[in-house]
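Below, subunit A partners subunit B and then partners subunit C, in two separate complexes.
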Partner chain A sequence: MLLSAPYALFLVAVFVYPLGLGAWIAFHKYSFAAPNAQVDRPFVGFDNFARVLQDPDVIASFKHVGIFLVINVPLTIALALLLATALNSAIKGVTFFRVAYYVPYVTASVATVTVWLFMFSENGVVNSLLGDLAPDPSWLTNSTWAMPMIALYVTWKQLGFFILLYLAALQNVSKELYEAAKTDGANWWQSFRAVTWPGVLPATSLVAMLAIITGANLFTEPYLLTNGGGPNGASTTPVLLIYQQAIQQNHPDRASAIGIFLVIGVLLLAWISRRMTEED
Partner chain B sequence: MTTTASTGVTTAARTTATAIKIPLWVRIAKITCLVIGAFGFLFPFYYMLVASFQTTKDATLGGLIPWPSNLSFANYDAINGAINLGRSLINSAIFTGGVLVCTMLFGVIAGYALATLRYRGRGTLFALMLLVQTVPFQLLMVPLYVMTVRNFGLSDSYLGMILPFAINSTAVLIFRAYFLQVPKDLFNAARIDGAGEFRVLWSVALPLVRPALLTATLLTFIGPWNEFLWPFLVTKQQTMQPLAVSLANYTDNAAAAQDNPFGVALAGAVVLALPAVVLFVFFQRHFTSTDLGSGVKG
Partner chain C sequence: MKRPLGYLVVGLAATLTLTACSGGADEPAGEDGALSATGPITIWYSNNEQEVAWGEQVVAAWNTENPDEKVTAEEIPAGKSSEEVIGAAIAAGNAPCLIYNTAPAAVADFQAQGGLVDLAQFEDGASYIETRSGDSATQFTSSDGGYYQLPWKANPVVVFYNKAVFAEAGLDPENPELATFDDFISTSKAIVDSGAADYGIYPAPSSEFYQSWFDFYPIFAAESQGNQLIEDGEATFMNEAGLATMEFWQTMYTEKLAGQEPYTGDSFTDGVAAMAIAGPWAVASYEGKVDWGTVPVPTSEGTSPEDTYTFDDAKNIGMYTACENQGTAWEFLKYSTSEEQDGLFLEMTGQIPLRADVATAYAEFFDANPAFASWAAQAQHTVAVPNTLNSTEIWQTFRDAWSSAIIFGTGDPTETMQAAADEINSLATD
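Showing the complex of A and B:
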C-alpha cells in the first residue's frame, strides 16, 4: 500500500483532479485572473457548449479531423500491412529496414516538420521535380492541400510504429492455416484474403483506434506545418482551437467545452470502429 | 540480431518461409516494396542533413547532392546565435531527465507493489491506471494549465514542465508485467530472511528486471525529448525553453531574418533529432512490438 502511494497520489493530482476541474470549468463562466483577485465564476449550465456548437470555426475544425481520418486511416492500414508483410519474410537486412521505418517515429515532430516545410515550400525540391504540375499556391499554403498534407505527414511519421504492430500480429497467425489454404489450392492472394487479413484484424482495429486518437490530438503539425491552421483556417483542428480559446483569448470555459465534445467524438468513433472490426 | 527480442522476429519469419514456397515474383515484389519504403522513410533525413550544411539554399534537384563548395557549419553557428543551442539542450536534458527519474522511481515501486503485494485498494488502483490510459490529453490540457501555471505559479520552471509527465502508467504496466514473471518464492525467501519490502525491491527484484529498466528508459525518453505542446504552454522565457520549443518558435517567427532561413532551421532540427535517433539505432533491439503494444495510450 505504502509503496504505491506516491504513484496513486500523483494519479489523483495529475489526472483525476484535472479531469473533474475540466468538467467544472466547462459548466461555469471561467476566465483567468491575477493570482489573489476574487473573481465571480457563476454556474452557466450548457451555455459554453451551446456557444461552441454555434461557432463555425469549431464545426470546421471537426470536419478537418474528418478529412484527416479519411486519408490517414486507410493509407496507414494499407501501407503498414504491405510493408509488414514484406518484412515478415526471411530476407537479409531485416534490422536495417526495421530501423529505417522506425526513425521518423522516434524523431521529434518539430524536427521532421522543418524538412517537410523545406521540401514542399513554393520553390522546394518537390515542386522543382513536378515543374508545371505543382499546385498553385503551393502545397502547405493551398487550402485544398493543407489538410491532406498534414494527414500524409502524420501517416509517414507514425507508420513505423504500426508496421511493428502488424509484424507482431502476422507472427501470431497460425502456420497451419496457411498450410490448409495451400492444400486447398489457394494462391498467394487468396491465402492473404482468407488467412492473413482475418488474422490481423485485431491489429487493424488497434491501428484504427490509435489513428483516431492521433487525429483528435493534432496540434503540433497544423501549428507548424501550416502556420497555425492556415491558409484561412483550412487546417485548424479542435486542439488548436482549444489552445487559441483558452490561452490566447482567455476563454478556458469554452475551450473545455470543445475538449469534452472532442472526447465524446473520439469515444463514439472508437466504438463504431470496434463494432465494424468485430462483425467482420 | 543476438538478443531474444529480435530473434523472435527472424526465426518466426524463417518458419513461414519454409512452410510455404513463396513464388519468386512475390519475393522480388516484397524486396522492391521494402526498398521503396526505406527510401521514403530515410530520404527526408538525408535531405535534412545535406541542407543543414548548405551555405546557400539549393532547392533544385542538384541540391540533393552535397557539393563541397557549398558546405559549411554556418547554419549551425547561426542557429546557435539565434536560440542558444547549449542552453536549450540543457533545458531539454533537465526536462527529459526529470521525467525519466520520476517515471522510473514511481514506476518501479508501483509496478512492484501491484505485481507482488496484496493490499486494500490494489484493484481500484489498477482499474484507475487502465482508465488513465484512455483519458486523452486534450481534456486535461486546460485544467492542467490552470493548475500549474495559474494556481501554482509554475510557469517557466522545470517543475511545471515535468509535473504532468512525472508518472507514466505505461512504465508501471511494463514493470508490473516483468515483476509478475519473477517467481514469488524469490521474494518470499528474502522476506523470511528478514528483509523489508524496500530491501526486497532494491536487492532482489530490481536486478532481475534490468532489461525492463532499459526498455522503459528508451520508451520514456522519446516522450519528453520530442514533446512540444506542454512545454510550449508552460514556458514563455527563451532561457527556459527546451530545444523543441525554441526551435519551433524560431521557425515560426525569427526565420525570416536569416539569409538561409531553412538551412538554419534544419541545422536546429538535426541537433534535436540526433540524440533520439542515435539512442534508437544503438538500442533498437530493445524496441519490441510487444512492449510498444502495451506502451500505447488508448
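Showing the complex of A and C:
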C-alpha cells in the first residue's frame, strides 16, 4: 500500500482530479475567468449535455471518428500482424525493414504531415501519377476522402509501434507448435490460423484497445493535415471541437460535456474490443 | 478477473464531491489601489520583426527616463492565435500589464472574463483616447460605455497585385481593371487563362474564425458603404450588399479563379496567385520578392478609392487586471502612443497609427511614400469587427457557413447563410 502510494497520488493528480473537475464543469454554466473576477457559475443539470447532443457538428464529429476507427483499427491490426510475421521470419535485411517501419513513429507529426500535404495536394506527386483518375477536389480537400486519408496516415505513422508489440508476442509463440502443425501437414494459412493468431491474441487485444483509445482522441492529424477539420468540417473530431469550444470560444462547460460523452464512448468501445479479442 | 469499474466510479464520485466543494469560490477584485500604483511592469508585443524592433526601442527609451518604473518587454507566447494565448493568461492570472496585440474581436469576451481594465477609469483615460483617435474611437467603446482597449493601429485591407504577373498576362500593370466585381473576375480569368498564375487570388480557404476578415468582410464593408457584421444586435449580411459579395466570391470559386485547397506558403510571393488581400503590414514581407501595386477592394459598381470602405484589421492595446502597477502601465501606454512614438511606429512597421491627425502629423513620411498616403486616407473609411460578446463563436458560425456555401458550394447558399444569420442573431443576444 505504502509503495503504491506515490503512483496512486500521481494518478489522482493527473487523471482522477481533472476528470472529476471536467465532469463538475459539465454540470455548470462555466467559463474561464480571471482569478479574482466575480463570475456566476450556476448548476445547470444536463443542459450542456442536451445542447451538445442537439449540435449537428458534435454528432458529425462522432461519425467522423467512427469512420476513422472502422478504417484504422482493422487495418492497423492486419498490417501490423502481417508485417510482424514477415519480420519474424528469417528474411534478408530484417533490420532495415524494422527501422523503416519504426521511423515514421518516432518522426515528428509536423514533419510527416508536411510530406503528406505535398504528396496529396492538388499538384502533388500522387495526383500527377493518377492523372485524370485523381479526385476533384483533391484528397485532403475532398469531403469524401479527407477522413479516410487521415485514417491511412495515422495507420502508417503508428504501424512501427504496433509491429513491435506483435514481434514481442510472436517471440513467445512456441516453435514446437509450428513444427507440430507442419508435421500435421498444415499450410501457411492453416498454421497462421491455428498457431499464430491464438498465440498473439492478447497482443491483438492490446493493439485494438490502444488503437481505439488513440484514434478516438484524434486531434493533431486533422489539426495539421486538414487544417483543423476541413474541408468544410468533414474531418472534425470530438477533441477538435473540445479545443474549439473550450479554448477558442470559452465554453469549457460544453467542451466538458463532449469530453464526458467521449470518455464513455471510448470505455464502451474498449470493453467491446476486449470482449471480442480476449481469451476465455 | 473482476474489472475495477466499481473503484473508478467511487473515485469519480469522491472527486466530484471534492471539486464541487472547491468550485465557484470567486472573490471580487480589490484593485482600487492598482490604478495609481507605480513600479515595474511587463508588456507583450507581437512577434512581427518590425514591431519587435519598434517595441525594443520604445522600452529602452522609457527605461532610460524612468529607472524606477522599469518595463520588461516580451514577444507574445506562440499559439495558434494571440486570442487563445491571452485568454489562457487571463484565466491563469499571469497576463502582463499591457498587450500590444489585442484583437478588438476578443475584447468583449476578455472584458467578460474580468481580464481587462477599463481605461476610462483613469482621470484622463477617455479624453486621451478620444483626442488621439477622434471619431473612430467610438467603434471601440464597450456596451457599458467604457474603453477596455486603446485603439492603436489600423491596417486598412486592400488588394495587392503582382505587376510582373499582370504584364505576363498582357494586362496593364499600372492601371489594372479591378474596380468592379465584373472587372475583377474578367481580369482573374485573363490571368489564369494566360497561365501567368494558377489563380487570380488565393485567400486562405481554411476554417479559422478570422479568415473571413480577409475575403468576405473587406468587400462587404466596401459594398455596404461601412456596415459591420452585426449592427444593433442583428446580423447585417443578408442584405443586398451581403448577397452581392457572396455571389462575387461564389463565382471566383466556381470558376476556379480562387483556390479551395489550403496553401502551404505564401501564394502571392510564390507567384501562385496574382493578387492578395492584405494590409500595409504585408509590405515588409513582399519586399524584394514581388513588384507590387495596390488598389482598393472591388465593389459591384466600382467606388472611387477615397470613398471605398474596407476592414481595418486593427490591433489595439489592452491593460490587463492582473497588472499590479496600473499607474505605470497607463503612463507607459500614453508614452508609447505619443505623436513621436506613433511616428516611429509608422516608419518602422509601415502600419497606420489610429490617430485622427495621422495625415498631417506625418505629412513628410506620406510625401515620401505615396502608397502609404492612400492607406492613411483609407484608414478614415474603415470598418472594425463588432465589439460584441461571443465574437469568436459568431465569426466561427459565419466562417463555417461561408466555407460550406461559398468556398465549397454545398447546398443552397442563401439558405445556409440565412441559417448562419439566425444563429448569429441568437448568439449576439445570448
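As a convention for this text, the second predicted complex is superposed on the first by the 261 of 280 C-alpha atoms of A that agree within 3 Å, B and C clash if a C-alpha of one lies under 4 Å from a C-alpha of the other, contacts with A are read in each partner's own complex, and residues count from 1 in each chain.
Here, contacts are C-beta pairs under 8 Å (C-beta built on N, C-alpha and C of every residue); 3 or more make two chains touch, one makes a residue touch a chain.
As the structure is a prediction and not an experimental result, all values here were calculated from the model.
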Combined model on subunit A where subunit B meets subunit C, clash or fit: clash
First (subunit B), second (subunit C), both or neither touched by A:247: both
Touched partner set for A:39, first subunit B, second subunit C, both or neither: second
Contacts of A:141 with subunit B and subunit C, given as first, second, both or neither: second
Subunit B or subunit C, by number of subunit A residues touched: B
Partner chain in contact with A:215 - subunit B first, subunit C second, else both or neither: neither
Touched partner set for A:227, first subunit B, second subunit C, both or neither: both
First, second, both or neither for A:21, with subunit B first and subunit C second: both
Touching partner for A:31 - first (subunit B), second (subunit C), both, neither: second
Touched partner set for A:188, first subunit B, second subunit C, both or neither: first
Which of subunit B and subunit C A:121 touches, first, second, both or neither: both
Those residues of subunit A which subunit B touches in one complex and subunit C touches in the other: 16-17, 19, 21, 32, 35, 114, 117-118, 121, 227, 247
Subunit B-touching residues of subunit A, taken from the complex the two chains share: 1-4, 6-8, 10-11, 14-19, 21-22, 25, 32, 35, 79, 82-83, 85-91, 94-104, 106-119, 121, 123-125, 128-129, 156, 159-161, 164-165, 167-168, 171, 175, 178-179, 182, 188, 191, 206, 209-210, 213, 216-217, 219-220, 223-224, 227, 238-239, 242-243, 246-247, 252, 255-256, 259-260, 262-263, 266
Touch list for subunit B against partner subunit A, complex: 1, 6, 8-10, 12-17, 19-20, 22-23, 26-27, 29-31, 33-34, 37-38, 40-42, 44-45, 47-48, 51, 59-61, 63-64, 105-107, 109-110, 112-114, 117, 119-122, 125, 128-129, 132, 135-147, 150, 153, 163-164, 166-167, 169, 172, 197, 201, 222, 225-226, 228-229, 233, 244-245, 247-248, 251-252, 262, 265-266, 268-270, 272-273, 276-277, 279-281, 284-285, 287, 289-290, 292-293, 296-298
Interface residues, subunit A side, partner subunit C - complex: 12, 16-17, 19-21, 23-24, 28, 31-39, 41, 57, 114, 117-118, 121-122, 137-138, 140-141, 143, 227-233, 244, 247-251
Residues of subunit C defined as touching subunit A within the complex: 11-12, 14-16, 18-20, 23-24, 26-31, 81, 83-84, 87-88, 90-93, 95, 109, 112-115, 205-209, 260-262, 264, 321-322, 390, 392-393, 396, 400, 403-404, 407-408, 410
